[in-house]
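Chain naming follows the written order as A, B, C and D, and within any one chain the residues start at number 1.
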Amino acid sequence: MNRRKERFRTDKILQHTEHFKVKFNETDALGIVWHGNYIGYFEDGREAFGRAFGISYKDIQEHGYATPIVKVLSEHQKPLRYADDAYIITTYVDCAAAKMIFNFEIYNAKDELVCTGETVQVFTDFAGNLSLTIPPFLESWKKKVGML
Amino acid sequence: MNRRKERFRTDKILQHTEHFKVKFNETDALGIVWHGNYIGYFEDGREAFGRAFGISYKDIQEHGYATPIVKVLSEHQKPLRYADDAYIITTYVDCAAAKMIFNFEIYNAKDELVCTGETVQVFTDFAGNLSLTIPPFLESWKKKVGML
Amino acid sequence: MNRRKERFRTDKILQHTEHFKVKFNETDALGIVWHGNYIGYFEDGREAFGRAFGISYKDIQEHGYATPIVKVLSEHQKPLRYADDAYIITTYVDCAAAKMIFNFEIYNAKDELVCTGETVQVFTDFAGNLSLTIPPFLESWKKKVGML
Amino acid sequence: MNRRKERFRTDKILQHTEHFKVKFNETDALGIVWHGNYIGYFEDGREAFGRAFGISYKDIQEHGYATPIVKVLSEHQKPLRYADDAYIITTYVDCAAAKMIFNFEIYNAKDELVCTGETVQVFTDFAGNLSLTIPPFLESWKKKVGML
């Protein structure tokens, strides 16, 4: 717990929990969710977080930025199966760089940890040019949510 | 056979055969290819046809048109499974309207019919405005391939 | 309207409406939902219907049946885009054969019709053997929901 | 280069290169390949490697094992777009544990590095029980390909 806290610049932890049900077409011939589909769950988690805190892809686009993913990590502890109830906890990981980092934890209906993950996004304009500094809208957002 | 021929304005039949192997992530928990993934096979078939005859999405885009799908039909006779070898026969169905119609037949390695399908596409500009007349490039293409 | 009613054996219409938001990863390079992803929306609609009326894939599996799709039809009137709010109306189409037929209508937030569709499913055991007669559980279900 | 070599127990490097063309339905509304689809490219790379060296999912299944993914890492340097020609180099990373580790490098047609990745798989039986020791078939395979 302590170690985790140190990664944050402030004590403020922004977190959102989103419940979902595994879809049939997310499973594979092993009868479990195909591992690549967790990347979609992470996006669902980020978007649910974004809608909750006003920083969805759409909000960001309206400020003139795209946020392409530059890194994805997923680690799998247990499988999920068709029609399983599950939930994803999405945590914003504050950092000083011009990046957005999210951590993910997915749990099944028994509250067992199924999967953890991380995504890192950068900021570009719509022509794909990288922003080396933190976009002003992100600074404003951080102030609004109590991170700065 | 006769009936089929009548659908064509000319005797010229443009057809392309593309072989493929079923991917693991195309299967579902029943152990068979999830039915929605056949729509991707149809797109693969259309694109292989397009590359063979110079009328892929990319070729069409270079003429200033997008070709959104307005109708998809798929009918399923047999399942495909992970690692199955299969092939798709894509046939251009000539028609007098400002549309592109393709028929698809997918066969397994035993040459058994697995799936048939049809897609209908219209022509729009990149703002989404429908072209009510056949685009000039399509007329040229039809002449080049011997349909007009 | 009259024509539609005639397709039903009874006046009882079972229908379920499910709201959804378009995901970023459902869009394509034209900026609209890729047409093949509507097949997933139809499955979501069927499953929401199934949970509402006790006839989801999972319910059916517990009776020893799989219900592979043998036909899919989709027709597209308008595009959907990332983050659009939409809803799908799923209607059970009663029929005398050993099949399950569903109709779908997808509307955008302005209540404009975006897409219509139909799926036809048959009943098999888990080894894939087709059931030529209506499974007893389906007869019971029809009675329970007032169709017989 | 030196550093990389040290990760291997032997000097034998097993590597396979597979060419592919980006499909339209792999793109998203930013006009680039959606990041989650790279997990599918990794699977394609692993499978192409597996067919080349006799260790595909199917080969492994015939020995009574499934190989669920327990970790995925992807890092993205450049985007890929619809119809881009690209290739994936899949490298088997030898390790002493009951795991299979693969590294991936994806390059575009200009030989620019687009994406790197890693997957880690474990061995289970079809009931999902983890194998704590290296399966005999893997030992045999390693001998056959000159790793042991």
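The rule is short, and it goes like this: a residue touches a chain if its C-beta (ideal position, glycine included) is under 8 Å from a C-beta of that chain, and two chains touch if they have at least 3 such contacts.
All figures in this text were calculated on a predicted structure; none of them were measured in a lab.
Trainee: A-B versus B-C: which has more C-beta pairs touching?
Mentor: B-C
Trainee: Counting contact pairs by residue number and requiring over half to coincide, which of A-C, A-B or A-D is equivalent to C-D?
Mentor: A-B
Trainee: Measuring from the mean C-alpha position of chain B to the mean C-alpha position of chain C, what distance in angstrom results?
Mentor: 25
Trainee: Give, as an integer number of Å, the spacing between the C-alpha centres of chain D and chain B.
Mentor: From the centre of chain B to the centre of chain D is 31 Å.
Trainee: Between chain A and chain B, what distance separates the C-alpha centroids? Give it in angstrom.
Mentor: Going by mean C-alpha positions, chain A sits 37 Å from chain B.
Trainee: Give me the residue numbers in chain D that touch at least two other chains, ranges are fine.
Mentor: 24-25, 32, 36, 40, 43, 82
Trainee: Please give the residue numbers of chain C that touch chain A in the complex, ascending.
Mentor: The contact residues of chain C facing chain A are 23-25, 40, 43-44, 47, 56-58, 82-83.
Trainee: Where on chain D does chain C make contact in their complex?
Mentor: Residue list for chain D touching chain C: 24-25, 27-29, 31-32, 34, 36, 81-82.
Trainee: Help me check something: in the complex, which residues belonging to chain B touch chain C?
Mentor: Touching chain C: residues 30, 32, 35-37, 39-40, 43, 66, 68-77, 79, 128 of chain B.
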